[in-house]
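The structures come next, written out as structure tokens.
Each of the two complexes below includes chain A, the first together with chain B, the second together with chain C.
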Partner chain A sequence: MAEGYVEYRGLKKSFGATPILHGIDLKIDEGAFVVLVGPSGCGKSTLLRMTAGLEGVTEGQIRIAGNVVNRVHASKRGIAMVFQSYALYPHMSVNENLAFSLKMRKAPLERITDAIKGAAGILQLSPLLERLPAQLSGGQRQRVAMGRALVREPAVFLFDEPLSNLDAKLRVEMRAEIKALHQRLATTTIYVTHDQIEAMTMADTVVVMHDGRIEQVGEPLAIYDRPENLFVADFLGSPAMNLLDGKVVATDFADQPRAVEVTDGVLLPIPSEAEAEVGQSVVYGIRPEHVQLVAPDAGEPVTMTLVEPAGWETHLHADLKGISLRILSVERVGAKPGDKAAILIDPERVHLFDRATGRRL
Partner chain B sequence: MSLSAVRDEPAPTAAERVSDAARLTVPYLLVVPGLLFVLGVLGYAVAGGFWLSLHETDMFMAKTFVGLQNYIDVFNDPRFQSSLWRTIVFVIMSIVLGIMMSMIFALTLYHVGFGKRFFRGMSLVPYFVSGIAAAIMFRFVFTTSGGFVNQVLSVLGLHQPSWLGDPVLAFIVAVLANCWFMVPFATLILLGGLQTVDRDIYDAATIDGAGAVQTFFKITIPMIKPMLGVSLIWVSYISFSTFDIILALTAGGPQRATEVVSMYMYQLAFLQLDFGQGAVLMVVLLTFNTVLSLVYIYYFILADRRHGREL
Partner chain C sequence: MATLTSPSGAARREVSAIGRPPSLLDHLLRRFGRAILIGIPLAFLVIWTMVPIIWALLASLKDPLEIYESTTFLPRDPSLRAYWAVLGMDGFPRWMFNSILVTVVATIVPLILSILAAYAFAKYLFPFRHVLLLMYLIPRIIPRVSLIVPLNDLMTDLGLINTYWVLYLTYIASAVPLATWILVGFFKAVPKEIEESATIDGANMWNRLRYVILPIAWPGVVTAAVLCIREGWNEFAFVLALVTETGMRTLPYALYMMRDAMGVQDFAIYNAFTILTVLPLLLVYLLLERRVVESIVSGAVK
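And then the complex of A and B:
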């Protein structure tokens, strides 16, 4: 089997008696942009810090470019890391910050000057070189932190929630900048975030983590369209997927021999290929944007409970015989709380999960 | 729409005006008692001391104005000159040793994991012991016959010097006792400084390939510079003004080997009852302390690059 450029084999980590990572196996191709995403405490930052050499390995292997690096010092792994707090040296100018790692390596002055010039050019830092970090804006500091990573010419870039401290507008800008930088340099990148939008928009491959385990690995849209389990289904997507407890029942319709009863008398359609048996307890998943609003008598009747117009889309909450449903419409919906409407669900858009195991059916 | 259309806010009522005025003045009023207290005690003493230094006093405290005569006399006094030099050496040795010890203790306490609170608490104990008590403890430790140090040396079969009888050794013991007293507080200040440094910065330095020594000198020291400045002020001030420790340890002896300015000031003012010349020495000590503190404040605190300020 082909080796990954960065590879984790049976990687475990414990802090004292507390296990943090329970055995991570993952291959990352050279030049890939991989995003580790998951809620806080899922172990994604620990995995990144272990890759950087800032945390030891309890069990298993980390390999970079074919070599086991478990015991290789952080500065010799060929990685560069961008921290959430930027971690710029506050008493050094931008120039000194960029030069620091090369000076530590005793690089010749000429090489240092060239590297700074190159990085400053790419990140538009040239006018800021003499400034101190305190004299920079958040976005500028972020770019300096990236510049500091850049001058090292690393084999792997590690980003630890680099955009969390920026305001929403700047975050969108920097997201694009980081992606553009990756397209330009094609350096293998591992990027940690808890923000699913960052994960979806930036990654070639998304790794969804939860409780120290990998839940699913795949291309962003593939994961979004086919979450393998309840956790992934619930975690990815905003507003989150509707997840309704129900039971598979037989129907009288020839084209829909099975459906899921989510509450007394409410039958919702399921995909024909779903491997679910009549009588099985399931979780019925449907994304808010896949719930279609229709005229009151054209589908399953609902009552509107809350309308949130966002401008470019409308978030609606509806009551389906005691079950609360989230609906997302890309159009402006003139509904008011209390209005009657009906919904239609395309069975091909439905995700069905086993209630006991949480696995996709 | 004309501007006048928006000016419909009613004029503030009397009660609102009073409350606005109170909001502005109360903070200042609250500072006044503290300020008066400091000015009353410290300001009065300093001004009084300075006034006294311009007078000649007899044993009944009758004052005669003599202008700067006391200053001329003191600066020409060889005993003052040697006590001043001794003080400067004492202060330099205390600063070097004291700051080094404080830094080592602060770094140790910063990194200690097990029993962190216990060790941090214990490290402050010497600070709570009075200078006199500390000096008496040091006398027990360094007494020539039966002192702890000489007993250890005798067990090891080594020469047992007369610690407090030899001028050079007594001076060194005085420096040690002074450090023992002032290091805990300086340690606490430096520890506070170390704890403000974002751990990510150390991680970044590790990845950048900085070793322990480079990290200490290129990252830690510049990052805790303001705290280093504050502990330098503390250490210098205590060392310049040290009196009780030396009084109880050596009383300025042997052969005036430990007679620092504050000891001589005590000698002049309270034993020879020459308050005017004693006050001159107070002014000298105050000047040294103030100038040094200003230098520290300027170089270590005001010129802090972390806040985007450079000299």
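And then the complex of A and C:
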């Protein structure tokens, strides 16, 4: 099997008696942009900090460029890290911040000057070089933090929730900048976030983590379209996927021999290839944007309970015989709470999970 | 557009805050309340601390007999006679030198030791660090006077009585806990990520301390230095107990001895001596005041 550029083999981490990572196996290709995403406490930051050499390894291996780096000092791993809090040196100017790592390495002055010039050019920091971090805006500080990583010409970039401290607009801008930077430099990047939008928009590969384990690895849209388990289905997507408890039943329809009964008398269609047996308890998943809203008599009747127009899309909440359903419409829906409507579901868009194991069926 | 029927924002807030329209008293309290609350205690404090110094300064400029007359506040015929007398004393240059030497040593050495100790306490997880840090306080919790007899015995056994070493050792031992406790707080306030960032940037422990931690925590270092200087300069109990030779005295000790030495009390000389003793410390304070205030304020806000 081919080696990854960054590779984790059976990686475990405990703080005292508390296990944080339960055995991570993952290969990251050279030049890839991998996003580790998961709720807080899932171990994603710990994994990144272990990669950086800021946390020790309890068990297993971390390999970078083919070498086991478990016992290699953080400064010798060929990595550069951008922290959530930027971690700029507050008493040094932008120039000195950028130069620090090279000075510590005793790089020749010429090389330092060139590296700063290069990084400042890429990140538009040239007019700010003499300023102190306190004199910079949040976005500028973020760019300095990236510049500091850049001058080291690392083999791997590590980002620990770098956009969390920025306001929404700046976050979108910086997201694009980081992605553009990666496209330009093609340096292997591991990026930690709890924000699924960041994960979806930036990654070549998304790694969904939960409780110290990897739940699923794959391309963003592949994971979105085909979540392997209930956790991933629930975690990715905003508004979240509708997950309805139900039971597989046999029907009289020739084209739909099986369906899921989610409440008394409400049968919802399932994909024909789903490996579900009649009588099996399942969780029926359908994304809000895949619930089609139709005229009151053209489908399963629902009553609108809440309408949230967001401008570019409309979030609706509907009552399906006692079950609350989220619906997302890209069109402007004139519905009001209490209005009657009906829904249609394309069976090919349905995700079916075993209720006991949470696995996809 | 504001409507005529709605009160202005400020007025609305006032009404809702106190439940009735503001009276003249409220207005005055709001206007002058701050000045009263802060100004009066501050003025009292300034007078409380300044009066003895001003009195000593004025007395030092008076004629010896004039001081006994309670009718004059300002010197009738100000003269520097007393200062020349003090500066002309046989031992004075030596005492001044002793004070400066001991204070410099009792500032620099404790600072170096405390910076290292505080860095370890603040940034490294090692067993018993909380207990150790508490034990650091013991020398400062035990009353100094109760240490004098055992210290005198010990130093006599070691043959250090009447040497600079006895002062260095006791002063340093007394200053280290103080400086360490101050610095631990400042070092802890340096965010962990900044140090981690420096680690990744290739800075070893010394370089992190030198280039990152110390510059960021510099106001704390200055604060600790000022307190060490004050401790060393004003120390009295140890020098009284452990030094007997005239030539080994420091200024506070010499000042104390002067009272007994002068047959006729010349209060002008006595006060001039006091002023000359306090003056260097005042200069240090004035030079470092901004840094200290900065550090106290930053500590309070963070």
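Methods note: the second predicted complex is superposed on the first by the 361 of 361 C-alpha atoms of A that agree within 3 Å, B and C clash if a C-alpha of one lies under 4 Å from a C-alpha of the other, contacts with A are read in each partner's own complex, and residues count from 1 in each chain.
As a convention for this text, a residue touches a chain if its C-beta (ideal position, glycine included) is under 8 Å from a C-beta of that chain, and two chains touch if they have at least 3 such contacts.
A quick note: this is a predicted structure, and the numbers were derived from the prediction, not measured.
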| item | value |
| --- | --- |
| Clash-or-fit label for the pair chain B, chain C on chain A | clash |
| Chain B versus chain C as contact partner of A:L54, first or second or both or neither | both |
| Which of chain B and chain C A:Q135 touches, first, second, both or neither | first |
| Which of chain B and chain C A:F83 touches, first, second, both or neither | both |
| Most chain A residues touched (candidates chain B, chain C) | B |
| Which superposed partner A:S75 touches (first chain B, second chain C, both, neither) | both |
| Residues of chain A contacting chain B in one complex and chain C in the other | 52-54, 74-75, 79-81, 83-85, 87-91, 100-101, 104-105, 148, 152 |
| Sites on chain B touched by chain A in the complex | 198, 200-201, 203-210, 214, 218-219, 222-223, 225, 304-308, 310 |
| Residue ranges of chain A in contact with chain C within the complex | 52-54, 74-75, 79-81, 83-85, 87-91, 100-101, 104-105, 148, 152 |
| Complex contact set, residues of chain A against chain B | 49, 52-54, 74-76, 79-81, 83-92, 100-101, 104-105, 132-135, 148, 152 |
| Complex contact set, residues of chain C against chain A | 191, 193-194, 196-203, 207, 211-212, 215-216, 218 |
